[in-house]
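Encoded as structure tokens, the structure appears first; notes follow it.
Going by the order they are written in, the chains are A, B, C, D and E; count residues from 1 in each one.
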Amino acid sequence: MNFFDLKGLLQPLGAVKQLGKKPHTINYPYETKRTADRYRGLHYNDLEVCIGCGNCSTICQNAAIDMINIDGITAKNGDSGLRPRVDNGRCCWCALCVEVCPTGSLSLTKDYIYVTPDANAFLWTPGVSNPDAKNNISFTSDTNLSLSMYQRVPMRELDGMERVKSFAEVVLGYSEEEARAEAQRCISCGLCSNVCPDHMHIPEYINAIAQGNDNDALKIIYDNNPFPEMCGKVCTRRCEDVCAIQVRGEAVAIRWLKRYATETAPTAQKIKDIVNPIIAEPNGKTVGIIGAGPAGLTAAYYLALRGFDVTIYEAQSYAGGMTMFGIPKYRFPLDSVKKQVEYMESIGVKIKYNTKVGRDISFEEMHTAYDAIFVGIGFQKAWTLGIENEDIPGCIAAVDYLNIINRGDSFDVGKKVAVIGGGNVAIDGARVSARYGAEVTILYRRRISEMPADWEEIEGAEHEGVHIAIQTIPTRIIKGENGKVSGIEYLKAEMIADENGGRPRPVAIEGSETILECDTVIGAIGQEADYSWLPESFKAKIEIKRGMMIVTNEFNQTGDPKVFAGGDAVNKTADAISAIADGYMAVKGISKFLLGN
Amino acid sequence: MTITENNIKQPIGEYIQNWARKHSLFVLAYGTGCGAIEIPPTMTSRYDAERFGIRGAATPRQADVLLITGYLATKSLKRVIRVYEQMQDPKYVIAFGSCTINGGMYYDSYNTINALDRYIPVDVYINGCMPRPEAVISGFVELQKQIASGNAYNATKYKENLEWYRENQKKIIKNWRMPDYNW
Amino acid sequence: MEDLAIKILGAVLTTIMAFTVGMFYGGFVRKLTARVQNRRGPVVYQNFIDLLKLQSKTTNIAHGFMHHMAPIWMIIASLTTLMFLPILNGNLWFPNISFHGDLIFLLYMMVFGSLGMALGAGQTGNPNSAIGVTRGLSQMVGFEIPFVMSLIALMIQYKTTSIQDIMIAQNESGIWNMFSNPFAFLAALFAMFGMFRYSPFDIVGAPAELASGPVSEFGGKYLGTMMTANSIFSFFKLTLYVNLFMAGAGNINDVGIVATLIAIVILLIKTFALYMVPVFYGWVSPRYRTEQAIRYFWAWPSALGLIGIVWALI
Amino acid sequence: MEKETTLYIGPQHPGITGNMMVKLKVTGDTISSASTHVGYLHRAFEKLIERRNWLQSFTILCRFCVPEPDPMELTYARAVEEIEGREVPERAEYIRTIVMELARIQSFMLWYGGQSGSSGLYLVGQWSVGDRNYILDLFEDLTGGRVYHMYIWPGGVRRDLPEGWKDKALKTMDYLEKRLDEYDKLMFDSTIFQKRAQGVGIIPKDKAIEWGVVGAPLRGTGIKHDVRIDEPYCAYDKLNFIVPTQEGGDVWARALVRRQEIRQSISIIRQALDKMPAGEFYNKIPNPMKWSIPAGSAWVKTESVRGEVGFYVESDGSNKPRRVHVKGAAYTHGVTVLEKILVGQNIADVSFILNSLGVCPPEIER
Amino acid sequence: MDNLQIENNILETIKTAFKVEGKVVREKRVEITAHKQLISSILLFAKNQHNYIHLNHITCVDWIEDGEFEINYIIWSPTTKNTLIIKTRISRENAQMENIDNIWDQANTYEREMREMYGIEFPGLIGEHEFILEDWDEMPPMRRDFDTLEYATKTFYQRPGREDAKDVREELTKQSGEEIPEFAKKYSREK
């Protein structure tokens, strides 16, 4: 031992000089140190922005987040009405909940001190427990940092100018890889299922696709929708409007994923193999169905599965109703419905073609012959434009026009076409015409943002060179020298705000008459149902109001308990998925009515 | 003779005793879980808990405050109970973080308890995983408030409800090789 | 009668002063330690709060008779030693039962407290206590040697064992012993490091090694009593050192209040200054192992002590 | 011959690092045999991870070792990236390097406290643990968390450097360097400390590797082994630094190695801040709930303060790990190595040796 | 593939010496699959002949579907800085594995842990049976068929107050009347 190492013994004493130094102690709680700008403290939730998707609750590995009902917040479309509550006896401040929040409503604040003797007081409802914390937010998510995937896997499409050359399908569909990637974006909240008229099990089949089990996906889809291929291609997809991802990004491509699932089964036999439906023993009950549209076929399919003896009466020579010939081929190939009907027939659905109720068989006859009747007649008659010279050659209703084209018959649209209306049918008419090389103008009363057609359709039309003339009110069709259409006269309109707070009305501007030269005028302002088959004696029970059949309960039962109705003739939304939903609900109703379950 | 502060009436002797207890908290040096990592910063120069009269005590006999710094493995629980019972009255328990409240991130672990107050009485819970030094100090301040108001009597509750606590403890500690109580 | 009354009063006053000063010194040290550690530290009267708290704790441990006796033993020992120490030189108020303070007697008395502690700690059955006691006794053996040597040097120098006489002699000559016999002083100073148990000689209670050593099983009132005893005892030790090497409180024989107060102030300054030496060194030193500590005392300080004796002889 | 007594150090003991127990058989002051008892902190992490998906696991992993959570995050992230084949942007690699070195420094500061505190020199502990808060402040600004950062995740890091962070970091480094000199004066220049540390807890050089010694204790025996050099990860192959070694294998040598390493870390941070490229910091993972990783396994090592940390990660192709097995340095240091080198030591040195080996009980039992 | 020369050499040597399967995973990683009876000889061979003197790790993976445990020995050589992973599979029933703590002392710790956590017996292994757990009388907890959540719920108290929690998907189906078929439920959101 070195006793003479004085330096080593005395040098440390230099530390005594620290006596004169000011202590660097933080004088908490009398003074508080600044917390970092991205400190992860207690939660805050913007209750207005939150949609209650529950993704935070799912990601939480500590099961700390519960979704609960909160006073003043009710469920609506795209909002489950639930809000997260954090158990601070579980939370570990990892902020994964913030990272996955699709809306960005959840964030962490700079507050972190919560001290109490009560162990039961650690349930914390962000946003309710700390309403003032909004200004104190620190750890937030923005779209770049969030783990929610806001970018949709782009769908491969034909180029706009390429499309108009043929009726080839515009949308090319996802490859397997793309579908898996797209399916991974889904957070499985189920907000979509809630708004789907048919309540398809969207999270489940998307998850099945994400996990690579396409067969299971198809099976889940067929659970309550026998027309997935059609829905996969042309559905109005209200589901995507409420998708949780859509709040800050692009909605999950639910429709395209469904389409991908159906593409794995290209034939009726394949469908049967995959879906492998369990057909119940015949229960001896018979059901008659009027109309082989989506509603009727859906009802028939599920009734057949439940062991009913089902017969469909169809006035046309083909099944499928409006979906068969009402949709242009570039959106929806013709053989799809045929395949579907083939599949349905293979499980025991009987269809009597060319049999119009009221003409070939009376409704009374049916009423006595069957234990229950489902009416799915749809809208057959197009609304007339109600303007001069509507009946001359060259002026045609869009549904008829599409029907002609899809059957493969020819129709000469000429060089210039005017389409009247703003719905999907109008756009279809326009885009079909564009494929015949015509210069197409759509006349619509309101603004583009108010067009009822899908934005994708509108965009597609614009890409294909269709011109949209907005705020125009047609006044008359001009008869040309050969007795055919030579032009259309319309008035410019201005939007006048509604005094009652409704949406603005277009009001024609006096003297703004304009003439648009055209060879064909396609009217697409809507359709209506034909009730001539319904005998007067039944009209007392089965109420018809403004052209719609009135149903009395959620099972689509009409005033006559034996008669169920669905589809466009019942449903205001008038789209295929609603018709399918009506059919499906009617099946439940009929089962309940006839079997009591 | 009584003295009234913050609407709490106390005999003057008790008031003085509580005042002393409040300002002199000996903390048992027992790092039972993760939270122990924030004890050194709390005790050292930057946060300096000694300002409040909080200082470390090496053995349970000398300690007033037992810090349960987070999760308790069942094996630790046994030692904690032993330590707690060795401490002298009045004694206090401060529980740190989520784990002591409802299991925290180990709620599904087969080896950690979920709710501490089933096994030993807890006076103050501090929120966090883990609580920062500021939060720890807040916890102590809360404890001081309780002591000053004469409300920190959880240790008495433990003695009164010993059977209930024992039952819970023995449910987890299967092999009870401890003296039954060691005041 | 009057003499006795003054004596009793003086004893009480001495006790109070020793206690207060000892506790405050402890508080000052804590505060200063905190400052050197770059923090604020507790209030200076923190030790009083601690004591009050400890005394208001229940104490339900029973390890045996000696366990109960140890704190009492300690406080009696420190009070007794204090009583035999002249606090102020020749002052009427603080002569105590000094019979002029016999060094050899005090030397015995000083061990007394530690012995009680050792017996008490031994009975607790805590291995940490047992090891702590062993260490404490070893260390005592260590530092007693240089300490005794330096005392012998003083006794040789002044040919008396009376502390009072040594004080008076210093005052008369005007040269403090720390200058007249620096070697003896240094030896005693090193011994003092061991006595105060600051680093590097805090091996007895070394927290990281032995929990708190002998006092492991003492809590509450026992610990409070021990704390009191320690405070008094440290005042005693400081005063003893000041008396021996720094001429006590100075040459003030006046019995007036003012003079007494001045003497007390001088005493406080001297003791505090002296106290700072082990405290300073404690801040910056790691701890020795037991055998290192003993070897340390037996080497340098003992050598210095020897030189001190030789110096005194010359 | 003195009687042999049994002495329990821990679990409740001020000298123990964390919550473990060392059972000693003592003759006088000398240890004749030692055995480590762990399990007081067993939380069944590896079991819990089987129930959590790949991303959820990352939040729980950092709790493996409380004093130094970041190497755990990094090792896991690297293992997942290796199995999945995920690329990490270069900027993220630099940020990870900085985080790793900051973690190293803060852990060293804690070690300063432990090593000096266990020898009774509380002053250094008070200083270094106090100053450690400045590094934690940096962490807080960067990651949002003070102790558990949960910052490095598969694919990169969670957030980019905040504004002004670089300057703040550099300033803190300057301050630390100044302070380190002061600690040195107290610790390394102190004769008493040298006397305490030299010749204590010797790990023999020829046995060290076979015993499973890694990290600073191994370098303290004169063997140059550092995962950062042997199998470079993050941005270490682009930065200049030396791996200090010392001969002796005792506490003193280990302390000297750490003393040099902390300065190396400061230099690495400065270099990394200087060289850091701009760009992406995060290669985004897919929706965590549906994120599956192809089947496969990886054994990935990272150099932590205590030595190498190894993760064995096995995936069965699902969205949850099949097995994540963590081997921290303390697993061997704290049990077999400690039991060996404690024999013949003075009981006063138990805590001292424990600290110098960097034994971290939560890492042993997980 | 020059840069993998060392790895390939080692692989070849062991392959020829023991007739086992193996591959070079990547730089500095060689993986070998061997029968359990070969393990100790391979380890000894690697340790003595190729200076793999550092036992990095022993890990166990429970492949309950196959009824097997996979035990991986990970060893490291300070000369080539290479890691050798030796994998073997043993039956889950009466799981038994050779004790290697005579080759490396620290293997003792790993084996004690595996004995406790997986119930694998190592004949001749010295050391207390309780390593981490205390008074454990259930199935070895790391086995995959041990349900830790169930055990925790049964054993430890769950704090009340959270019963009003709702599952979003369930709540939504309640609102809409959607009926999720049984076979689809496995694809529903994990809870």
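In the analysis below, a contact is a pair of C-beta atoms (placed from the backbone, for glycine too) under 8 Å apart; a residue touches a chain by one contact, two chains touch by 3 or more.
All figures in this text were calculated on a predicted structure; none of them were measured in a lab.
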Those chains that touch chain D and also touch chain C are A, B
Taking each chain's centre as the mean of its Cα atoms, which chain lies farthest from chain B? A
D-E or A-D, whichever has more C-beta pairs in contact: A-D
Compare the CA centroid of chain D with every other chain's and tell me the farthest one. A
Using mean CA coordinates as chain centres, what's the gap between chain A and chain C in Å? 89
As a quick test, compute the distance in whole Å between the mean CA positions of chain B and chain E. 39
Can you work out the whole-Å distance between the CA centroids of chain B and chain D? 30
Chain centre separation in whole Å, for chain E relative to chain A (CA means): 47
Would you give the residues of chain A that are in contact with at least 2 other chains, written as numbers and ranges? 1, 12, 15, 23-25, 58, 61, 87, 89, 92-93, 119, 188, 207, 211
For chain E, residue numbers touching 2 or more other chains are 133-134, 141, 146, 148-149, 159, 189-190
Could you tell me which residues belong to chain B and also touch two or more other chains? 29, 44-48, 51, 56, 58, 60, 75, 101-103, 105, 107-112, 115, 129, 132
Pairs of chains found to touch, sorted by chain label: A-B, A-C, A-D, A-E, B-C, B-D, B-E, C-D, D-E
The answer for chain E against chain D in the complex is residues 26, 28-29, 53-57, 59-62, 72, 74, 78, 81, 83, 85, 104-106, 108-109, 130-134, 141-142, 144, 146, 148-149, 189-190
Of chain B, residues touching chain D in the complex: 28-34, 36-38, 40-41, 44-47, 56, 58, 60, 71, 73, 75-76, 79, 83, 105-106, 108-112, 129-130, 132
Would you mind writing out the residues of chain A in touch with chain E in their complex? 52-54, 57-58, 66-69, 75, 80-82, 85, 87, 89, 119-120, 123, 188-191, 193-194, 199, 201, 203-205, 207-208, 211, 216, 219-220, 223, 554
Chain C residues touching chain D in their complex are 36-39, 127-128, 130-131, 199-200, 202-203, 206-209, 211, 283-292
For chain D, which residues are in contact with chain B within the complex? 11-14, 18-19, 39-44, 47-48, 51, 59-60, 63, 66-67, 110, 113, 125-127, 129-133, 136, 146-148, 362
